[in-house]
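The two complexes that follow have chain A in common; it is paired with chain B in the first and with chain C in the second.
Right after this comes the complex of A and B.
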């Protein structure tokens, strides 16, 4: 039974996802000690850190706002190849991690030795907990529970293959599913497609198909700033409760954090 | 020992007899123990009669003749029901799976209430939006939309209290609900007071109990940021010929308390009627 981590990296005009993937792969090797492969159609300079570089043809081109503190830019965003991860992964047991999910612990290694064939995070914790996180509780106010496609684990089985087939079908018919589940975002998002597919796998009812990923999923928003990373410590400026354009400092030690501000992440790794 | 499902219906601007018929048909569809009794003084159309094993009149006059919600006769249920053991329902409910197993859970109890109802996404409701008087006055957090009683001395005592409180609700609320008292008569509050007076809360209101729980569709307790006047304004629902109900694309199970009378369409009732033939 082979196991490994799969990363996706599709550069746009300003964000060097491959460079961020390089950092993510280094962290995986440090904390999880398993092979790491990257799916990309961009040049990869440091091949040595990756087990495999898996080419993918992704001609979809959507756009979204990338925040860097109080500023934002609308940039290209290629995120649709993730729905193919069942076929793209070279491993029997795969942990898919967003490159901006920065590991500082061994927590995710608990995925390997547990019986569930699919694990994903539903609950998450904003490092600025006073912010309204309703968009991460349900796919929309009146709709189904939200799951994060940021980090998930799967074994290759007939059942998990069905799940990814459904995700692919949702992607192909996004306009229909978006309306059906009262989703306001015009852009296709893996989180939302995964949430719908999980709901369908659960027979449109209570949770049973997916298990919970180990530990807790912490995140910072694009409006927050990552200042520094050193060993397992991360220093942030996060939005204040009473004034969202001012900040308070925050340090984390030994916890994995989803850093949505890619610009500040790139600054920290000197890209 | 006889067991049965009981509903009291008094039509107003809403046809509660029609609702009771739909509920009774779903009970008959899924349950082995499926005897039903409708308590009403309204005419029951011949089309609906086969849904009920008993149609009994409300005795001793209509205590709710001047009322909109028609709750003033509820205390009479124990005197009219033909069954020894009873599950009592609000009429605006549909059963979506069997609840035969509830009887086993109720064994040995005189009365059983739920304090754990869920929203349509199956989250246990913790909001006290409609229950400020419960929180402020430390009342047992029971829901009377569906409950169980066995005809015992204690159950008769409970219904006697319900009679006295319902018919003197202003006095009782003034004395026993000093905080956030309501300006209208509530059967939930009256029942909670009766349970409190009798010291029954610990044995009859089981925290987290799934029997006799239900999905409660009042809009302000659905966990929404934006609360519409009616849930039917924001959620589509599908009731299939084989009795599967999806609300907002979430499959509903158990007992569904739909609250809005417009939910029960003629098409749904026609499916249920066809099933029952």
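Right after this comes the complex of A and C.
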């Protein structure tokens, strides 16, 4: 039974996802001690970090706003190849992690030694807890629970293959599913497609198909700034309540954090 | 701005940062009490410890089945060893929480809060 981590890295005009994937791979090796493969169509300079570099042809070209504190830019965003991860993964047991999910603990090593074939985060914690997190609780006001596609684990089985087939179908018929589940987001989002597919795999009822990742997924939004990373500590400036252009400093120790501000992440790794 | 008002704003700023950092510490503590046993995920909470201690004291068998945080039944081969593990996780997590919380309380400026 082979096991490993799969990362997706598709550069755009300004964000060097491959460089961030390098950091993510180094952290995975430090804390989880398993091989890491990267799926990309961009050149990879430091091959030695990766077990395999898996080429992919992603011709979708959507755009979204990338925030860097109070500033934002609309940039290209290629993130649709993730739905193919079942076929792309070279491992029997795969942990898929967003490159901007920075590991500082061994928490995810739980995945390898537990009986569930699919694990995903539902609970999360915003480091600016005053912010309205309703969009991360349910996919819309009167709809189904929200799950994070940021980190998930799967074993290659007939059932999990069916799950990814459904996700792919949702992606292909996004306009229909968006209307059906009353989703306002215009762009295709993996989180939402995964949430819908999980709902379908659960027989449109309470969850039983997916297990929960341990604890909560900690995250900061693009409007927050990552200042520094040192060992297992991360220093942030998170947006202050009622004054979005001022910040509160915060330190995290020994917890994994999803850093949505890619620009500040790149500054911290000197890209 | 007069000095007294400026000082008041600085203290308000400090209090806000302190409150946010305390909340992060609390969440880190909840993350640190998680542990894994025989494919199950457990939280080393006071409730869990009390129940396991009851099993150790009252049960005739060293083996027991517990329902984990994912609501899956998990076989525990030796419940006394499990109690040792859960207590060890609890002590480690609460001691770290206490140490860092104490450091926070002694930090009197926003800058010093960032060092904790």
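Convention: the second predicted complex is superposed on the first by the 271 of 271 C-alpha atoms of A that agree within 3 Å, B and C clash if a C-alpha of one lies under 4 Å from a C-alpha of the other, contacts with A are read in each partner's own complex, and residues count from 1 in each chain.
Note that in this section a residue touches a chain if its C-beta (ideal position, glycine included) is under 8 Å from a C-beta of that chain, and two chains touch if they have at least 3 such contacts.
These numbers come from a predicted model, not from an experiment.
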Superposed partners chain B and chain C on chain A - clash or fit: fit
Partner chain in contact with A:55 - chain B first, chain C second, else both or neither: neither
Contacts of A:203 with chain B and chain C, given as first, second, both or neither: first
Partner chain in contact with A:90 - chain B first, chain C second, else both or neither: neither
Per-residue touch tally on chain A - higher for chain B or for chain C: C
Contacts of A:145 with chain B and chain C, given as first, second, both or neither: first
Inter-centroid angle chain B-chain A-chain C after superposition on A [Cα, multiple of 10°]: 70
Partner chain(s) touched by A:251 [first = chain B, second = chain C, both, neither]: second
Partner chain(s) touched by A:125 [first = chain B, second = chain C, both, neither]: second
Shortest CA-CA distance in Å separating chain B from chain C in the superposed model: 17
Interface residues, chain A side, partner chain C - complex: 105, 107, 110, 113-116, 125, 127-129, 211-212, 214-216, 218, 235, 238, 240, 248-255
Interface residues, chain A side, partner chain B - complex: 134, 138, 141-145, 180-182, 199, 203-206
Complex contacts: residues of chain C adjacent to chain A: 16-17, 20-21, 23-24, 27-28, 30-32, 34, 36, 39-41, 69-70, 72, 100, 110, 113-116
Contact set on chain B toward chain A in their complex: 121-122, 222-226, 234-235, 246, 248-251, 253
